[in-house]
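Before anything else, here is the set of structures, which you'll find just below.
Shared chain: chain A. Partners: chain B in the first complex, chain C in the second.
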Partner chain A sequence: MTRKELFVLKDLLGTNNQVAAEIRRSLRERRVLAVNFLSSPGSGKTTLLERLVDVFKSRFRLAVIEGDVETERDAERIRARGVTAWQITTGGACHLDARMVGKVLAEVPADIDFLFIENVGNLVCPASFDLGESLRCVLLSAPEGDDKPKKYPKAFLTAQCLILTKMDLAAALEFDAAKAAAEALSMNPKLQVFRTSAKTGAGVEELAAFFTESLERMRSSGA
Partner chain B sequence: MTRKELFVLKDLLGTNNQVAAEIRRSLRERRVLAVNFLSSPGSGKTTLLERLVDVFKSRFRLAVIEGDVETERDAERIRARGVTAWQITTGGACHLDARMVGKVLAEVPADIDFLFIENVGNLVCPASFDLGESLRCVLLSAPEGDDKPKKYPKAFLTAQCLILTKMDLAAALEFDAAKAAAEALSMNPKLQVFRTSAKTGAGVEELAAFFTESLERMRSSGA
Partner chain C sequence: MHELSVVQGLFERLAEELKPYGDCRVTLVRLRVGVLSGVVPELLQSAFEAYRKGTFAESAVLEIDVTKPVFRCRACGGESFREELDYSCAKCGSRDVELVSGDELILEKLEVETDQ
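Moving on, here comes the complex of A and B:
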């Protein structure tokens, strides 16, 4: 980060929670469930979203916001599946913030059910920035190792949902999913844990069902 | 990051380059080659260091600085191999900075050959912080995908060395090492590229030879 970016960040932090609260209010008014995906680079956020799009698109209306430091690559992958996607390139910044999401929000159709937000690949900084989501999911892939929750605590402490990804590789890599889940749950006992493989499709229907229930719960609560 | 941390960071950035230059000068005076390892969480920094320690420890004197948001886990792994290691836990910050390294430096024995510094697992922020290293290595693991260099450019632009890791998984994961290397080289043509597997040991000797040559070059240049 440059010095200038830090000044911008300081300013953003001052107002981030306020902007996030406004986004949350606006999306709930539209009865849209916003889900923030947060993880390291390459842990499978976009591939899992592609799978979810395939499961959801005949049943629900979706839109996706993609966050990256550079390139339109991830938004292009989502658009190739027939779903509207906006690419936010931060140009150096290490996370999305609520203002960036707010700028896109005006273009998001009012009649969607789910707004998925894929954050910049970074297991540290995005955890500090509320984007106005209703649900925060932290992804941890089998190749990253089962020792990560306590090493990168904030993401696991602030999420409602832990998605273990690339579980098809777990046995070969000696990734102990139960150990990773137990460590995360020891820090945040309310975490909902899912074991998925975008490659085999394992666990994706269960995760989709959880998102559907969360949508219905939000709508029936009138919140 | 909290607001307080941002003020601290702003201050650090102002002096970081100055402190880093002082560390670099001090280490070169001691004829120590400092190597900064930078990558996403779980891309294999510590496991590769364990391998390098095994290759190097009968021939050279080593020390390791481990950076993490929380836990002593990585330093314990290095110490278990008989090598002195310091754990810097940032307590939330997303990268090491030169001051953190500087505080440890007084304890580093004067007679070592290599000082390896393993940064906090984060492919974005650590790229902006010079730690006074002589050599910066960015690691990219096969499971992360071959599309990462342009998505996370700064790490690849500021490194002298790209280490592709977990290459034993490349075929199964359809990771195209040539594509990843070409993309990184298109941004930074001077990058030295290594393909390694800490599991099979492939490429580790070549990497160790590169570090040895770099040490000899630094010593013979008298810099």
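Moving on, here comes the complex of A and C:
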């Protein structure tokens, strides 16, 4: 019997990252902008997506992937607005990973402009899993409180975009949007911050314009 | 609680690393886990203990080396360790810092026994 020491030094999420890199390459070839929405359950991901889909559907070709532990409910809400949606039910897992997205992507038409991926509601675990997205958006809703960025750092550190949601409730809940944004920006100065209300529609056009610019930038960079 | 998925990935990685050695048993696995990796070391330990049963790592010990965040300052160029999640430069106080390490999840080292 021999004993051996093996020095490996490999990223444990390496397999996921490889699949994600493959997805990113393939989406870029197809000139699709993929956006991964990540947040706690109930922070308004699906409702915001419904508003975005309404703004975009006459101008762009869209596909939506919904991630949940169980049920088709979110995909049904998107389909009800006339947009194709796929539901991934993880059957217990608290996040989407690149393989799950890769499987669905095989069915998604190649000629879309935007792919919106709504992750499983969870402000912790999904942050560790690259899905091959071009943009990661973290949502923080007024009822959750303005002190969350430092409590759940990874989601805010890895996103490019912070969307404050349910801003129509901010005053009643004493949610300080400037404080939440400042805390998130102190951790990640490159974050683009949006204040939205899916109820009043505030901020939705600005967010849609940002996604449109991001799509155009990706396409004009020739990638 | 995605530690079980992480452990599942770890075992896929282990199987890959051990291919060249034929039949063998893993006796030690050492991981480097950053405070900002999003993984809880205690949960990783329990997930590992649950997952290893009946595998080539059944009796393996899991060592976890927890690393603190290191920031590089864009203003003064200095690098600083931070005990707490204070996203600023320890040298000049600037908040214009980027995370250099402390969010990693790395398989560092294995010890194995082989019959060869």
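Just so we're on the same page, the second predicted complex is superposed on the first by the 209 of 223 C-alpha atoms of A that agree within 3 Å, B and C clash if a C-alpha of one lies under 4 Å from a C-alpha of the other, contacts with A are read in each partner's own complex, and residues count from 1 in each chain.
We adopt the following convention: contacts are C-beta pairs under 8 Å (C-beta built on N, C-alpha and C of every residue); 3 or more make two chains touch, one makes a residue touch a chain.
Computed from a prediction, not measured in an experiment: that's the story for all the values here.
Ranking chain B and chain C by residues of chain A touched puts B first.
By the document's definition of touching, of the two partners only chain B reaches A:Pro143; chain C does not.
By the document's definition of touching, both partners, chain B and chain C, reach A:Ser128.
Of the two partner chains, chain C is the only one that A:Thr15 touches; chain B does not reach it. Of the two partner chains, chain C is the only one that A:Met187 touches; chain B does not reach it. In the overlay built on the shared chain, the residue A:Thr71 is in contact with chain B alone; chain C does not reach it. Contacts of chain A with chain B, set against its contacts with chain C after fitting on chain A, overlap at residues 1-3, 6-7, 9-10, 13-14, 94, 124-125, 128, 150, 153-154.
By the touch criterion stated above, chain A contacts chain C in their complex at residues 1-16, 93-95, 97, 124-125, 127-129, 150, 153-154, 157, 186-187, 189. For chain B in complex with chain A, the residues that touch the partner chain are 1-3, 6-7, 9-10, 13-14, 40-43, 68-71, 73, 92, 94, 120-125, 128, 141, 143-145, 147-148, 150-154, 166, 169.
Put simply, chain C touches chain A in their complex at residues 1-2, 5-6, 9-10, 12-13, 17, 21, 24, 27, 31, 36-39, 85, 87-88, 95-96, 99, 103-116.
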